[in-house]
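Have a look at this one.
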Amino acid sequence: MGHTIADKKKLLARVRRIKGQVEAIERALEGEAGCEPVMHLIAAARGAMAGLMAEVVEDHVRTHLVDAEIYPKALNSDAIEQLLDVVRSYLK
Amino acid sequence: MGHTIADKKKLLARVRRIKGQVEAIERALEGEAGCEPVMHLIAAARGAMAGLMAEVVEDHVRTHLVDAEIYPKALNSDAIEQLLDVVRSYLK
Amino acid sequence: MGHTIADKKKLLARVRRIKGQVEAIERALEGEAGCEPVMHLIAAARGAMAGLMAEVVEDHVRTHLVDAEIYPKALNSDAIEQLLDVVRSYLK
Amino acid sequence: MGHTIADKKKLLARVRRIKGQVEAIERALEGEAGCEPVMHLIAAARGAMAGLMAEVVEDHVRTHLVDAEIYPKALNSDAIEQLLDVVRSYLK
């Protein structure tokens, strides 16, 4: 993806947190938890997954739509922010 | 938006269809329809609204992220298609 | 639907507000508004549609799953609230 | 939750599959995969999570809204199916 290490670290930290959330759902089911806590755990994991997707989409938009080495000024930054606003509002 | 007339016509046709769908919900409520048809009408109108949003986002991505008159070759078309795939999968 | 008049009035008021929002999208497109305001108008109308669906689903759950005249105490109100919490969190 | 063992097994199988999908996202990020496969993996995991939620909600609706031992005939099965149709259409 050509992400900087910082980005990759941040994304990996998000994914590992989601894995922990999925394991919590697994333990809740194994422990015969009621529907309510299970539904809350799933809703939280789903929100975290949406946040991860929003971040990957944002990286994709900022770094891959245009090759910044060849066209360093081609991306219209206002238009990018408007697009990311919409993406984030749907990825909640 | 700088859309071609064709695009604007297509978007307007979509919006007018949605207005018709909202009016159908209104009539169903006025006519004391049951919950089931009302829920179906709302689900259909919501799907049409998502389709409209997907189309406007697509126009935005294709025409506004980069000024094609100045940078006609800057947009990476594969990366654009990957982005629009994700947008469409969330706008369903 | 067997709604009380109060409910029906509230739902109709919501639907009419949505119709106004759809007409605002139509006017924005006719007036050659930019993508950004159009995307915001669509996002707002979609939110209002989701709110309408949440309200109809809530009515449906509260009034149709069980015939309250025959089984006035059958619905478990905690379980209903847990269900509606999930429904509302997805209908945002 | 009072699920039968069969249900619990099915739900656990779903959760474990999702854990595998999240681990695949982790490996893809560690292996410097491109955005496109990562976005597809996330979209697939999100779909699986939505399917899990739909199933838990369905169990909740069928087994907890009404105590079937006390009121075995209270739930209106048509109304339940209509509700679950809406839930499933939003949990996709």
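Just so it is clear, A, B, C and D label the chains in written order, and each chain counts residues from 1 on its own.
Basically, contacts are C-beta pairs under 8 Å (C-beta built on N, C-alpha and C of every residue); 3 or more make two chains touch, one makes a residue touch a chain.
These figures come from a predicted structure and were not determined experimentally.
For the two copies, chain B and chain D, the CA superposition rotation is 180 degrees, given to the nearest 5.
Centroids of chain B and chain D (each the mean of its C-alpha atoms) stand 28 Å apart.
Annotation: 20 Å between the Cα-based centres of chain B and chain C. Mean C-alpha position of chain C lies 24 Å from that of chain D. Among the residues of chain A, those touching two or more other chains are numbered 35, 39, 43, 53, 57, 60, 64, 79, 82, 86. Because contacts link each chain to all the remaining chains, their graph is best described as complete. Every residue of chain A that touches chain C in the complex is listed here, in rising order: 35-36, 39, 43, 79, 82, 85-86, 89, 92. Every residue of chain A that touches chain D in the complex is listed here, in rising order: 1, 8, 11-12, 15-16, 18-19, 22-23, 25-26, 29-30, 32-35, 38-39, 42-43, 45-46, 49-50, 52-53, 56-57, 59-60, 64.
The touching residues of chain A, counted against chain B in their complex, run 53, 57, 60-61, 64-67, 70-71, 74-76, 79-80, 82-83, 86-87, 90-91.
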